[in-house]
C-alpha cells in the first residue's frame, strides 16, 4: 500500500461512520459510502476522524471499520487514532498500518494543553508507533481546546521525519499556511498541508499553498473539482465552481450540529441507508430537514443551469 | 428618540470604531462611517459592540463615540455597555440613554458562567439601569465562553419586560430560534430576534422567525436587501442576492481576524480613512490584502453582471 | 448487593487503577489496593472514575477491573461509566449492575455544554439504563468544562427518582451544598451528597450538610475518621484530625499532576506495586519524590506525636 | 524609587481595593490597609491586580489608587496594568512609573491564546513601555485561559532584559519552577520568581527556588514569616508556621469566591471598613461568615497555644 508523504496532495475525504436507526454499525452502508466517495474522484479516504464519531466506537468496531474500508478500496486510507491513552492509540495504529493504512492521524491529547507538552506528546506518539509510520498532525483547536503555534508545528516537522502532513483546521488559519510555507522557503522541511473545516476557505487555502483538502463535505466532487481546477491553473473556474456549493457547504459546516446535516445529505444522495448519529449526537427535526432540502434543491437547480 | 421594543425588525448594523494609524480615535471617519451606513438603508446602528473594540476605549472615548454618532444620525442607536463592573456598565448606559439611545446591549459577565448566575446578573443589570431602559441580551458564547439555554432566555424575557431583544449569535443556533418562536406560540412573551455572526446564516435565520440582523458585514446593503426581500415574501430573490455576497461574507466572518478584513473593506469603500485596529489587534499583510482584493473584485464583477 | 440511595453516607474511596511499569493492568495490585482501602474503614469504593484513568482502559480492561474488585470485597461499589457514547456507557453500566454494583457514576457529556442539554442527556442516560439503576451525578466542571446550576441538579433529582446522589466537586462549591439542602428543606427530594476534590474542604462541606466524601486521598483513614468524628458530633476533633493531614492532602490535590503523587503514596504505603500512570500521564521526578517524602515524613512525625 | 530586578525576593502582598457598601472607592480604608500590610513586614505591595478588582475601576480610579498608595508608603509598589488595549495599558503604566512604581505587572492578553502570540504581545508591551520599565510576567492560566510553556517564559526573559520577574501561578506549577531554575543553571538569565495562588504551595515553591510570594493572603505575616524562616535556613520551622495557617489559607484560596472571604478577614482584622466587592462580585451570606469565623477562631486558638 502506498504511504502518504510530504508531497501528498488532493482530496482525502473524511469518511462518516454509518449507523442504523438503533445505533448499530452499518457495514453495508459503509461499503456503499466508500463506493460513493471513490466515485466522486477523491484521492484518498480518512476514516475514524472526529466526524467519524470514532470516540463512540468500541475498539472492535474501529477495527471492523478499518477492515471493511481497506477491503473495499485500493485508494490510500488515513486512519484517525486519537485516544486518551497512548497504548490504545498505538495498538489501533499498528493494527491499521498492518492492514495497509497510508498513515495515521493524531490530535494533541487533552492532557497536553501547553505547547511544550504537545511537543513531548508527539515525540511519545512517534516513539510508540515506530519511525516508519507516517503521522498526520491534526491542528483543530476549536475541538481540542489546544492552540498550537506555527513554530511548534515546524519544530515537530523538523524533529520527526515521519510527521509528513498537517491537517490544517485552525480558524482563523489562513495566515498559518502562509507562515509555514514561508518557513519552508527558507529551509524548513516541506509538510503536506490538507485543509479541514468542511472546506469553508478552500480557494484561499489553495492560494496560500495548501495541497488540498481533508474534510467531509457531503458533495466531495465539489472539493475534488475545486482542487483539480486550481492545480491546473484555472483559479477563476475553481472559485466559480466552489462558490456554487458554498451556501450548502457553510450550512453543513456548523460545528457539532453539522454532522447530522452531512449524514442527511449522504442519505438523500443514496450513499448511506440512515442518517442517524450515535447518541449523544445531533438529530434533525422536520424543520431542519425541510430547510436542508431547500438548500439542496437550490444547489441542484443552479447546477442544472450550468450544464 | 424612539426605543427598540419586542417587535423591532430590520438591520441594525454593528458599527466599527475608526482609528488613525497611530491608534487615536478618528471621529471624522466615524461621521463618514455613520453616513455610509445610513446610505445603505439600515434600520439602526449598534455602537460599542465587541467588534467596535469597546474594551479598548476609555470611558471618555466611549462617551465621545456616543455623542458623535447621536449627533450624526436620527436613526435608532443601540449602545453596547458590557463591562466587568456593573457600576461602570450602568454609568455608561444611563449616559447613553440620556443622549437618546434606543436601547442597551449587554452580554453575560465573565464572572457568571453558570446559568443561575446569568439570570441573577441580568436581574442586577436591570435593577441598576431602571425598568424603562430597553435591554438587548447578547447571546454570543463563542466569545463570552458562557453557553445559555433557550429556557434561560425565556425566563429572563418573562421576568424582565424591558429585555425586549435577543442578539442571537450562538452557533450552531438555528434550532434556538425555532425553540424560542415555538415557546412564544404557546404563551411566552415575544422577543425581537436580530442575528449576528456576520450574517452567515441570515436566510435560514429569517425562515425560522428572526426579525433581521444585527451584525457588521461591510456590505450592509446586502443585509438590508436580503431582509427587505424576505419580508416582502420574495424568499428566493432574497437568497439569490445573499448568495452573491456569501464568498466575501464568509471570509470576513473569521473570528477575531475578520475585523481587520471588515475595516479594510470599509476603507476601500471610502467609509473610513484607515483600517487599523487598536493593538493588540489583527492587521492584514500584503498577502491578506491581495486575497481580499481578489474577493472584492469577484463580487464587483458578479454584481455588474446582474445589472 | 445493596444499592446506594438518597440517604447513603460515609466515605466512598475513589479507587486508583494500578499499572505495571510498562502500562499493563496490574490486577494483583488491584486486589491489594482493595484490601488496603477496606482496611482503612471506608464505606464503599468507586472504581473507574476520572482518577481511575478509565478513559485509558479498553472495555475489556474496564470489565476486568469490575470483576476483580467485585470478587474481592463485599462493600458497595459505585462504577464510573462516563463515555463519549451512550451505547457504550449503557453496556458497561448494565454489565456492572449485573455483577453487583451499588450504582453508576456519570458526568455530563462533553457534547452537552448547555444546561438544557445536560438535562436532556441525563434523561437519555436514565432511559438507557432503566429506572432501577441508581445514578450518581458527577458535578465536576473543572474537568468537564460544563458548569451546572443548583436548579438543574434539583430538577434532575426531582424528575429522575433513580438519580440518588451528587458527587459534589464544583469549586468554589460550598454555597451549592447549602443551596441544595435549603431546597430540600422546602420540599425538594433529598440527595445524598458526597464530596470530591481530594477532600480539600471536607469539614466545611460536612458542616453544610454533605453526607461524606467520595474522593481518592491516599490516606483514606483521614477521610473516614473525619466523617466519623463529625457524625458523632465531635466537630472540633474532626477538624483537628483533618488539619494534620491537610499539608499532604493539598499537595496531592493538584489537578492532573496529583494523581502521580497519590499513586506514589499508595506505593510507598504498600498498597500497589508500582506508581506508574498510563501514558500520557504525569510521572514524578527525583525532586518530586523527595519533596513528597518530606511531606510524608512530616505527617508521620506529627501522627507519632499525637499518640 | 527603587525598581524590582531579577534578584528581588520577599513578599509582595497583592493589595485588595476597598469599597464602601455602595461600591464607592474607599480611599481612607486604602490608607489603613496599606498601613496594615506594612505593619506585617511585607517587602512590597502589588496593587491593581486581578484580586484588586482593577477591571471594575475606571482609569481615574486606578490613578487615584496609585496616587494614594504611593503617598502612603515608601515600600516598592508593583502596579498591575493588564488591559484589553495596549494603549491604555501603556498610559496607565507610564503614569505609575512616573509616580514612582517599582515595576509593572502584565498578563497575556485574551487576544493572544497561542504562545507565538504571547511572545509577540510581550514584545509589543515592552516596546510601548520603553526599555527602562521593569515588567512582571503574570503566568496565571486558570484566569487568563492561556497556558504558557517554560520555554516561552525563558525566551521572553532572554529577549527582554526588562522582564525581570515571573509571578508564578500556573497550577500545578511546582515543576515549572524547577525547569526554570535548571535552565538558569545552564546559562539562561535569572528571573525573580514570586508565587501566587494565595500561597497554597509556598514551602514547596521556596524549596524549588522561588524567591518569595506575591499573593494576597489576609494574614500577610504568615507569608512574611514563612519566607524569612526559609531564607534563614530554618525550613522545618517555616513549614510548621505555614501549616498552622493552612486551613484558613486554603479556605481563602477558592477561585473567585475567595476574594469575599479575604476582604471579610481584612475587615475583621480592622484593615478595611467594609468587605464589599464591586458588583458583579461574591458576597458572603450569614452561613459563610459563621464558617469563616469558626476558621479564624481555630487559628487564633492555635496561635495562642504556641506562644
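Each chain carries a letter (A, B, C and D) given by its place in the written order, and its residues are counted from 1.
In this text, a contact is a pair of C-beta atoms (placed from the backbone, for glycine too) under 8 Å apart; a residue touches a chain by one contact, two chains touch by 3 or more.
Just so you know, these numbers come straight off a predicted model, no measurement behind them.
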item: Other chains in touch with both chain A and chain B; value: C, D
item: Winner on C-beta contact pairs when A-D is weighed against B-D; value: B-D
item: Length of the line joining the C-alpha centres of chain A and chain D, rounded to whole Å; value: 45
item: Chain C-chain D separation of Cα centroids, rounded to whole Å; value: 33
item: Distance between chain centroids, defined by C-alpha means - chain B, chain D (Å); value: 37
item: Multi-partner residues of chain C (at least 2 other chains); value: 256
item: In the complex with chain A, residue positions of chain C that touch it; value: 23, 53, 55-59, 83-88, 109, 111-112, 121, 124, 128, 145, 256, 278-281
item: Contacting residues of chain D [partner chain C, same complex]; value: 171-172, 174-175, 178, 200-201, 204, 207-208, 239, 243, 246-247, 250-251, 254-258, 285, 287-288, 291, 298
item: Residue ranges of chain A touching chain D (in the complex, touch as defined); value: 113-117, 147-152
